[in-house]
Amino acid sequence: MSVVELAPPSTQSTLARELSSLVTELFPICRSITGDGVRETLRRIQRIVPLSIQEVPSGTQVFDWTVPREWNIRDAWVKTLTGERVIDFRASNLHVVNYSTPVRARVPLAELKQHLHTLPDYPTWIPYKTSYYADTWGFCVSAERLASMNDPEYDVCIDSSLEDGYLTYGECVLPGESADEVLLSCHVCHPSLCNDNLSGVSVMAFLGQWLAALPHRRLSYRLLFIPGTIGAITWLARNPERLSTIRHGLVLTGLGGPGGLVYKRSRRGNALIDRASVHVLTHRGTALEVRDFVPYGYDERQYCSPGINLPVGCLSRTPFGEYPEYHTSADNLTFVTGDRLEDAYEACQAIVRVLEGDATYVSLNPMCEPQLGKRGLYSASGGAGERRDREMSLLWVLNLADGSHSLLDMAERSSMPFERIRSAAALLEQHGLIRDVNKVAGDASGRLEQTSGA
Amino acid sequence: MSVVELAPPSTQSTLARELSSLVTELFPICRSITGDGVRETLRRIQRIVPLSIQEVPSGTQVFDWTVPREWNIRDAWVKTLTGERVIDFRASNLHVVNYSTPVRARVPLAELKQHLHTLPDYPTWIPYKTSYYADTWGFCVSAERLASMNDPEYDVCIDSSLEDGYLTYGECVLPGESADEVLLSCHVCHPSLCNDNLSGVSVMAFLGQWLAALPHRRLSYRLLFIPGTIGAITWLARNPERLSTIRHGLVLTGLGGPGGLVYKRSRRGNALIDRASVHVLTHRGTALEVRDFVPYGYDERQYCSPGINLPVGCLSRTPFGEYPEYHTSADNLTFVTGDRLEDAYEACQAIVRVLEGDATYVSLNPMCEPQLGKRGLYSASGGAGERRDREMSLLWVLNLADGSHSLLDMAERSSMPFERIRSAAALLEQHGLIRDVNKVAGDASGRLEQTSGA
Amino acid sequence: MSVVELAPPSTQSTLARELSSLVTELFPICRSITGDGVRETLRRIQRIVPLSIQEVPSGTQVFDWTVPREWNIRDAWVKTLTGERVIDFRASNLHVVNYSTPVRARVPLAELKQHLHTLPDYPTWIPYKTSYYADTWGFCVSAERLASMNDPEYDVCIDSSLEDGYLTYGECVLPGESADEVLLSCHVCHPSLCNDNLSGVSVMAFLGQWLAALPHRRLSYRLLFIPGTIGAITWLARNPERLSTIRHGLVLTGLGGPGGLVYKRSRRGNALIDRASVHVLTHRGTALEVRDFVPYGYDERQYCSPGINLPVGCLSRTPFGEYPEYHTSADNLTFVTGDRLEDAYEACQAIVRVLEGDATYVSLNPMCEPQLGKRGLYSASGGAGERRDREMSLLWVLNLADGSHSLLDMAERSSMPFERIRSAAALLEQHGLIRDVNKVAGDASGRLEQTSGA
């Protein structure tokens, strides 16, 4: 199978190259909601982040759903009677309708066409189709190729199996100081499609690597690499006791394609994850769109169902269905770039830093302003730009350190970046001017320091 | 008295013709806040909707007001000394200041002019004036006619009577499953003026006919055809025990003239009637204006006085005082159209359907989404337009069916029309996926079905 | 010292002239945060408003601060070796860095330049600099003058003293019917600068004169003429028991320069002082800007520190730092005008009238509207403009007189000026239609009447 390698521009960072490389490496694997493709993908991710691979037997009842039979495929083709492969699974795994039942037959063209899917508007692209819960088979093919198929009969083979087996997903728990958890989730069930969702898989794998390496985590983290819908439902059904400790969550998807970052709010609408994400994205200075929750999309649908109702948002670039390459062979290795993956990764880091760093302080000197000058915190002669911003951040923290404003509240009210407010709070805490209301005296545990990329 | 007949365009519906016909039939009657004109009007409406006619004696104290003496008029004129009627009540009942005291005298022109009212800006129009609570008389006349009156003296006659009698209003109660009431109110005290308010009278009469014919009403309905101000005050003063069961209300007025529908919110500002009306009008796709409550206008002034404070809004087209024909002879049969009356009637029906159909559900499958596909509620291959909207409505209802969102809440949050959300809820209820929190098990009573017009 | 007299235009009012005259008279005095300049200033203000002059010893601990040594200055100069004063305190007290330590020395030009401050962008202006909490000295000089100083050495003298003494401020309490207080505060520590802040000093002095002369005050008033920052901190530290009775407050500053009025909200954001100020300024019809609180600015910083958190806003024109003349010799007598001072004074009066006049009423006739016509409060034939507005104000007050809406609430909801609503309430109270919920029966005490200017 030929693979297009992403040409890394000379200016690309190491991280951007690593993010791209993982996408490239995972691209050829034929994934589905079950089967060996998912297992192979998860094993590759284990080299980056410590993942436990979970297997749930076919037939397991998970809420209103049942874990389906496991699907595997070895080969598939449509051949002329002279033996030429006119549709060949080995050229692209998109050619087979995902979850097709096995078939081996000689069929007339007219009958075959009932099983062929094309994209007339994009005649050179192969569509991506699935038939998870329908006993059927089919091929996806470019409209151009279909136009050239004029023989009266073809030999057809899908060498797949649908048998009792397992649904497979990857889970990684990174414990922190607190049992409160951040849930990160991405779907790993799509075959050779890059933006949807090797982009999310790659960003989340390297985020996990970074989180695992942190010297101190205030919060715990749970990373789920799962098949879409049935995987999220399965995890939720198997872990009812975990739900109450999940405080924040993010679904990562479609992060390497074109367009600025898009944040979709959780069902709750203004949970801390929503506020942190909007704040971070607003201050990153790049194109940004914030959308309200709708009960359609990725696995936030399950996490935000009424009986679950977790504060889980979704981060993407141009959302699914709003770019023509979506669910086609054009969502390939040239469609995503390492720079965009890195940009998304950094946005996620910044969101995590807000979740980690948010805290509530009280001023130990609340009556009037403390005299900053005598502590060397104030330049007597006033100042421009950077220094002025620093002084304003000190004044904001002092003014709002009343036990009822978190650092994120302060950042929102002052329109200052969270990191600036957090630095000001750290400095004031050092000088004994404010106190973290949740820290007991003598507790020397630091908070998450700003560390470099991956 | 010559009557201009509305020429019904060939495309006009039966309902539009009926709405117009009633306006045409009621137009010649000389109504006032008391008297035989109101009685005749109510008797005509009784043919459409079952109305009880209430009589309240003159002198009855109603809160801060007193029911006035009853006014009736037989004829009125200003004649030249040669006997020519230059102002003639028989040509238009607007010629007499409504509630004029009787008079029969020969008066010099200069003195007569003290009693004449004109509209200099519209020289061919006759203004409409009243003197309910002042013992005086007068004539209204076009500026053109006045200009031609140059005789030194005229004979004047107003053959009216002001005597102890009754204030008359019409009331119709349509009981429903619940004692909770919807109040519909319109004023019936204006003489030959079409938009203000034979339009409201006609729309409300046919709404009543429709409501009375419904096989099932969840709510009860009370229709008041009353003289403006004193009529509303009288009803409120006589029915203090009714106030607590009125849950929603609407004053109907000025519905046949030009301009899109205008909804004026109740004093409460965001009562269910306000939300339902704004929702319905927003989704009808025609010009719409929503205004906040002000303590001036029609009988919503009384219904929304501080000690009454009922959730009563007002529906009209271009509001009173904002079109030049208001309170003049130009508010005639050519000023209102059957199509506009029908459009307003349909808007009212849609508002009633929201009030009837609103309900709160809980999902019986709240943990993750239920599998719609196995129930035939989901098309596996995705879809466009209509089908996509239907599926989205199912997802919205499932997602918000948590016992704390009403169907109107869901319609507002999803920006979908209420009827689509209601249909989705009905389908999901059939499939046992959601349950109406206020319906006891085994209760088979259906809700209001969408029925055709009148 | 030569003084530029403000040329009063012939159309200027008496008050505008008085406001200007006070600025002119105070202009030459060399004020600082301590010292005789403040004392002389306060003694002059005592002629207008009854002020007690408070003296707080150097070294007094006030929260996190210490009252500094008292600074006084007699003369200062830079002379050529031939005795020519090239920089002369007698020409402008801005020439000396405020709080400079004494010095008398011959210094080489290069060393002298370390102590000279200029404004290169405005070569003819002298900057204003201070060194309150640093033991240093310096001169401020125009860039032009500095360019002409080419001698190798100069004789330098600052005949100042920094000794234990007092911090001085002026306080005036005007008791009212209620112990609830309105705090008015302005800083009196700047030397020859007109807008910042002789403008605020003058407006507040004449406001005090007006308040003192009122025949009846519902609220009590406390006027503070204080050195910026340290003065406010000192007052707050000395008066902890007063804080709970301060209900509203306003810092007055920069009221005579260009630009419309700018209101900066208190830290609370929507306190009554904020609502009253925004309402008044909105209805004055001149340029207006409302800004949210930020913890930088004038003494509202101290009044709004987290442990104090008083509802104190700040009224100014173009705020400090947003006009080039700020803290330079160009903020002189030609920079402020009497008309602008008077306009600001009137705005303050109107704000005070809202605070004084706000009250909550209940209708004594809450069931439907009362019949205004029989009380002569309603013109039967409708009306235009002024009369229509008057009637609408009566209807608004009657409609919202339910014990839960204040007059300011009504003014805000009706978009009518507070004074119109208040007049309507007074009229309705006279007619026995409404009752002040906080007035006991038989209490004849009137509320603040609208009186003429100063």
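Descriptive notes on the structure:
Letters A, B and C name the chains as they come in the text, with residue numbers starting at 1 for each one.
Keep in mind that, in the parts below, a contact is a pair of C-beta atoms (placed from the backbone, for glycine too) under 8 Å apart; a residue touches a chain by one contact, two chains touch by 3 or more.
This structure is a prediction, so every number in the text was calculated from the model and none was measured.
Taken as a graph of touching chains, this assembly is complete, with every chain in contact with every other.
When the CA atoms of chain A are superposed on chain C, the rotation angle comes to 120 degrees, reported as a multiple of 5.
In this structure chain B contacts its sequence twin chain C using mostly different residue numbers, the overlap staying below half. Separation between the centroids of chain B and chain C, computed from CA atoms only, is 55 Å. Looking at chain A, no residue sits in touch with two or more other chains. Those residues of chain A lying in contact with chain B across their complex are 62-65, 129, 131, 133-134, 229, 232-233, 236-237, 267, 294-296, 301-302, 304-309. By the touch rule above, chain C contacts chain B in their complex via residues 363, 365-371, 373-374, 380-381, 392, 395-396, 398-402, 414.
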